[in-house]
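The two complexes that follow have chain A in common; it is paired with chain B in the first and with chain C in the second.
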Partner chain A sequence: MQTEIEKTRARQRARHHDFLRAILIIAAFAIPIIAALTFYALLNGSLDSIQAFGFGFLTGTAWVPNPPNGGPPILGALPAIYGSVVTTLISLLFAVPISLGIALFQSELAPRRLRLPSIFLVELLAAIPSVVYGLWGILFLVPFMSTYIDPGLIGSLGFIPIFAGETNGLGMFTAGVILAIMIIPYGAAVMREVIAAVPRSQREACIALGGTTVETVRIAVIPYASTGIIAAVVLAMGRAIGETMAVTMVIGNVARISPSLFLPSETIPSVIANEFTEVAGNNIYLAALFELGLILFAIAFLMNLIGRVLISRLTFHGGTSVNV
Partner chain B sequence: MVTHVHNAFSLNKNRWLRAFAMIRMSSKNTKRNVGIVALVVVILVAVAGGYYFTAMNNSQSTSDTSMMTSESSMVPSATSMTTPAMTSATMSETSMTSSVAAWQPTTPVSILGAGATFPQPLIQTWTVEYNKLYPDVTISYSGIGSGGGIQQITLKTVDFGASDAPLSNAQLQAAPGLVLFPETLGGVAITYNLVAWGITNTTVLHFTPDVIAKIYMGIITKWNDPALVALNPGVPLPSAFITAVHRSDGSGTTFAFTNFLSVTVPNWAAQVGYSTSVTWPVDTLPGAYGVGAKGNPGVAGTVLNTHGAIGYVDVIYAVSNHLGVGAVINSAGNFVLPTLQTILWAAQNATGTPNYQDLRLHIVNAAGPQSYPISTYTYILVYRDMSANPSTTEAKAEALAHFLWWAIHDGQQYSSALIYVPLPANVVAADEQLLLTLNYQGTPLLTAAG
Partner chain C sequence: MFSSMSARRFSNRLFIILATLAFLIALVPLGSILYQTIAVGSTVLNTDFFTQITPPIGGSGGGILNAIEGSLVMVGIASLIGIPIGLFTGAYLSEYPGRLANNVRLVAEVLTGVPSIVTGIVVYVVVVATLHRFSALAGGIALSFMMIPIVTISTHESLRLVPSSIREGGLSLGISRSKTLVYILVSTAKSGIITGIALSVARIMGETAPLLFTALGSQWLMTSVFDPAASMTVLIYEFGTAPYPSSHAFAWGAALILLLLVLGLNVVVRIASRLKPTVPI
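For the complex of A and B:
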């Protein structure tokens, strides 16, 4: 009788085990499968464009979906790729040091009474929808940049081509600044976690050797957390390059490649957002937008790959490893 | 069972007690409490600061608007002046038109439409008013842009579409059985922002198609270009660079604007052409400055916030944003401001006798001494045999046909208040002929009465 119960229980256990296993396997494979299907859908959707333009799509600078003579569309993705890369780099230039500063302040310097409010306020930034950032951008940031920041840069650094020319605030520089504000909370949150994960013994060892707070951070904390910090940068970069609404509202939406950061440009997501309603009955145009999506997918993939390589190169011996 | 609940409760109670004790303990250390208090203070300061700032801005903008009211009343002043003339025109229309047999919906239906943003306020007023007359008929309309409207009706995901631009032959071929007819009309205003140089928005600048084309082609890049100065004697135009604002999304407004330039400027027709979205030479020429913005509100907002900007928007957006509105030279050689009356004159003079088989009407650069040259019809798109659209049932088709009939007759009375131009009588007559051909699997949906 006892054994009978035990047998039933064992069967039950096995059944539960199998059931759980199946659910977990499905959950684990769902994301890679969805990613693969997305890739397939993008590739399938962009076939017409790939056939029509080939590699020329990546290097073409003209974007003429409706030529005046009624001929076939001439579409090149280079301005959008350029705009995406440049705005992302500008945003990282601002966001990485500021995020790192916030994270170090919150984990190393802040008195406890300031820590919680500071974390709360920074994370509040992440909760603001991107269209609100865009609205704030066009109503406040664009006039502010065109009145105070941009003319100053043009006046003092105008001899460098990237700061040359005229400005009205709508352009890559403003887009980069707004992106930086948007990705700072993400960068700061991940960096804070990895810095908090640095063992106490590291800091104590440094302090015991007579290190100041600055030296402790520089020698003991940052190298130990470097992998995680790079992971945070990669995460922030992924968000910056895919951001659509706020960028569309301040970048000026023009297919233009110019060295000056103050001139309008466009990004891959902004082109898709602006033009997807226009493609009815124009298959190559639709396919070209799909191909832009495919390029974005590839760029994001490539950036993650580079991030991983950097992580594996820089991993501090025995350091934390955070996977993105 | 009862004990279980009791256990859980006491467990929770313990937890609460412990949490409470922890708060008290930490409050002894005053650390967490101070943190929370600091947080509350920061939020309060932020809210108070924000409120103060808004209040300050409000008081400023109130003075702004009080200043503007005199100006804004200037542009529509011609409007209010002409309203009586127009109502009489509308009345003569109604007396001319035929009527259809009375109808009552048999079942409650819900009709879906999507498309251009320009007629959205008018169509939404219609849906509300029609629902008051026929509570069983619910119509919803989303403004997703002309391009989106054409796409959605072609894919048969909506019961009707709307577009500011007439469909091309290729677009009509992509959607067999689709017909279009004008339901209202409007004008495209040339707007600018030169307040930074002392040129208020009440100053009416003069433009010719040639000058507008040269600005958007990147040939004229400064406000004090000799061509602009010659057109506007006495206006102290600054040597500031021009930011040419255009739509970044597909738009019927762009269609009307580029169509006007193509008709009037041969170079424009050859190099740029006309479409719902074109490639703007000003965007890429060195030294020229073009900017794209999404939707009419986007263009209006960009012009409002950018010193030295020029843009084109549907008239209502220029009026409601108190933007500077330019007068454009028409085919008779007069500089004309966009008002309800000048747009209606353009429509009456240019439409001719419309053929209901093809109601794609071009009224840009219309004849007539006071016709506003950048005027355009906006169109409703439906399938002639509504059963072509699987989501449209017979009951829906009947209701939709009667709604459309109502819209081109009784619905026109709501136009003027929303700064739309009521349809001229000859267009209503042609629309009627077309609507009478609407059917469901061959059965006409409307039967002429009398």
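For the complex of A and C:
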């Protein structure tokens, strides 16, 4: 038998509960709303450009927003797409092995006392703002590359078109290097989480058979973590392709498709960053920049979705869950 | 399965050397960036640097007072919006697990990977085009869009670490679910939640791309949040890419202050949590 007081208390509790639940649910809608707004704003803003250029936008190589003869703008995204793809590939070339090395160092090799400090230092590298990387890039890395690295590559490998030509340090190669530095901490952190989820018993079995450290890594750790490592690469790729400030500051910003990695070029985000406030009432031009944003969003969205789905699958294969 | 002993020893040593080298290589840019910023940035620091507004690009003298003001105001606006929404959403994810929660979490994760320049475009459409002006408010909202998913995920992760026995303990004492959440779960997960919030503040303080088309930049102090606003990050971008050595020194000075704030916050928070690694976001 409940007394009146108990009933009132139960009602109050239920009300509190409903109130809390309502607040939490309302807040939780913010995230889907932001996602929907993002998609809507980009698609709606791009309509003029999609109508004007169709699929030709993706293959067009000219970027003439204000033709001298006063005709309609001729805008093709291929130079920016090309620059984004090439710089991202260069960055992965450096970042994937180094990230994997760091992750293995931190999870398999580092002495107990050094493990947390080494993770801390790499996290600090991740905390440096993009624009500071850009400042360091344009004032230190660009002169360094044009004095020491690029001439060496041109001298020794110049017969290959990608290393041919001259250099002033601004271009896809330097952009790729700075991108690599920027995604290494993220890639290393995701790979470390994935490797940490490999059960101890896997390693112990290999060690019990007389395996050395490298054999344990090769036979017991990497195969188990391979899906997660691929996911880490995909996620890092998504980061690299959307990185704006540092790349904009070192790539030179010229719409061109050239095999040489040393010529000034551009990427999708760098075009948006440079030109968005300069459209001055040119609606098709503005819409084309929105469409570049839409393409960028689609690529980054896809990369993230693939990476996340791969990682969420890992949890079902036994072992501890992966928090990424 | 195993090859000859000497070959095995060699490949093992090689692996250890390469992996250690990978770690050391990552420290080179960290050291170089810190060294350059401190060495060059410290040469422009004086009282004027903190009390004057920015000179025209290429000009001399002046300071970054307006940029510091703009950054603090916009990070403040973003925090006012982003921290409560992120906290509540994180609490929702841990309190009401299910399909909706799983999907919200996935969307939050994907949003953390949306390029920040895209966020700038979106807030340009939603706020700048609506109010017909660039403003600190728009910049703050853009930063809050970046902050919400980060705070959500870190809060969710912190609450998830609370053992279910603690939650059940609260409920078994007849404490309501809402009070269990507020007084028991949140207070148990407090340090993790605060770490996540502090790191997200440090993160958005260093953002540039979302501000380019929202706050725009300004040479003046702002009179209201509906004015265009300067920020340390946009200042570093503009002065760093200008063709004048005096502007470059100025940019290094601003970068030094920015790094002190951002890395300082990171160091304090991470040391306070005994260097416990955070979820990579």
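Keep this in mind: the second predicted complex is superposed on the first by the 265 of 324 C-alpha atoms of A that agree within 3 Å, B and C clash if a C-alpha of one lies under 4 Å from a C-alpha of the other, contacts with A are read in each partner's own complex, and residues count from 1 in each chain.
Quick note on the criterion: a contact is a pair of C-beta atoms (placed from the backbone, for glycine too) under 8 Å apart; a residue touches a chain by one contact, two chains touch by 3 or more.
Small disclaimer: the values here were computed from a predicted structure and weren't measured.
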item: Contacts of A:45 with chain B and chain C, given as first, second, both or neither; value: second
item: Chain B versus chain C as contact partner of A:139, first or second or both or neither; value: both
item: Which superposed partner A:204 touches (first chain B, second chain C, both, neither); value: neither
item: Chain B versus chain C as contact partner of A:120, first or second or both or neither; value: both
item: Which of chain B and chain C A:303 touches, first, second, both or neither; value: second
item: First (chain B), second (chain C), both or neither touched by A:272; value: second
item: First (chain B), second (chain C), both or neither touched by A:249; value: both
item: Per-residue contact with chain A, leading partner among chain C and chain B; value: C
item: Touching both chain B and chain C, residues of chain A; value: 116-117, 120-121, 138-139, 249, 273, 277
item: Chain C to chain A touching residues, read off their complex; value: 1-2, 8-9, 11-12, 14-16, 18-23, 25-27, 29-30, 32-33, 36-37, 84-85, 87-89, 91-93, 95-96, 100-101, 103-104, 106-122, 124-126, 145, 148-149, 152, 157, 176-179, 181, 199, 202-203, 205-209, 212-213, 216, 233, 236-237, 240-241, 248, 251-252, 255, 258-259, 262-263, 266-267, 270, 274-280
item: Chain B contact footprint on chain A (complex, rising order); value: 62-69, 112-117, 120-121, 138-139, 142-143, 146, 166, 168-170, 248-249, 252-256, 263-264, 266, 270, 273-275, 277-281
item: In the complex with chain A, residue positions of chain B that touch it; value: 31-32, 34-36, 38-39, 42, 144-145, 147-148, 150-151, 154, 170-171, 174, 241, 243, 248-250, 269-280, 283-284, 289-294, 298, 301-302, 305-309
item: In the complex with chain C, residue positions of chain A that touch it; value: 13, 16-17, 19-21, 23-28, 30-32, 34-35, 37-38, 41-42, 44-45, 97-102, 104-106, 108-110, 116-136, 138-140, 181, 184-186, 188-190, 192-193, 209-215, 217, 219, 235, 238-239, 241-245, 249, 269, 272-273, 276-277, 289-290, 293, 296-297, 300-301, 303-305, 307-308, 312, 323-324
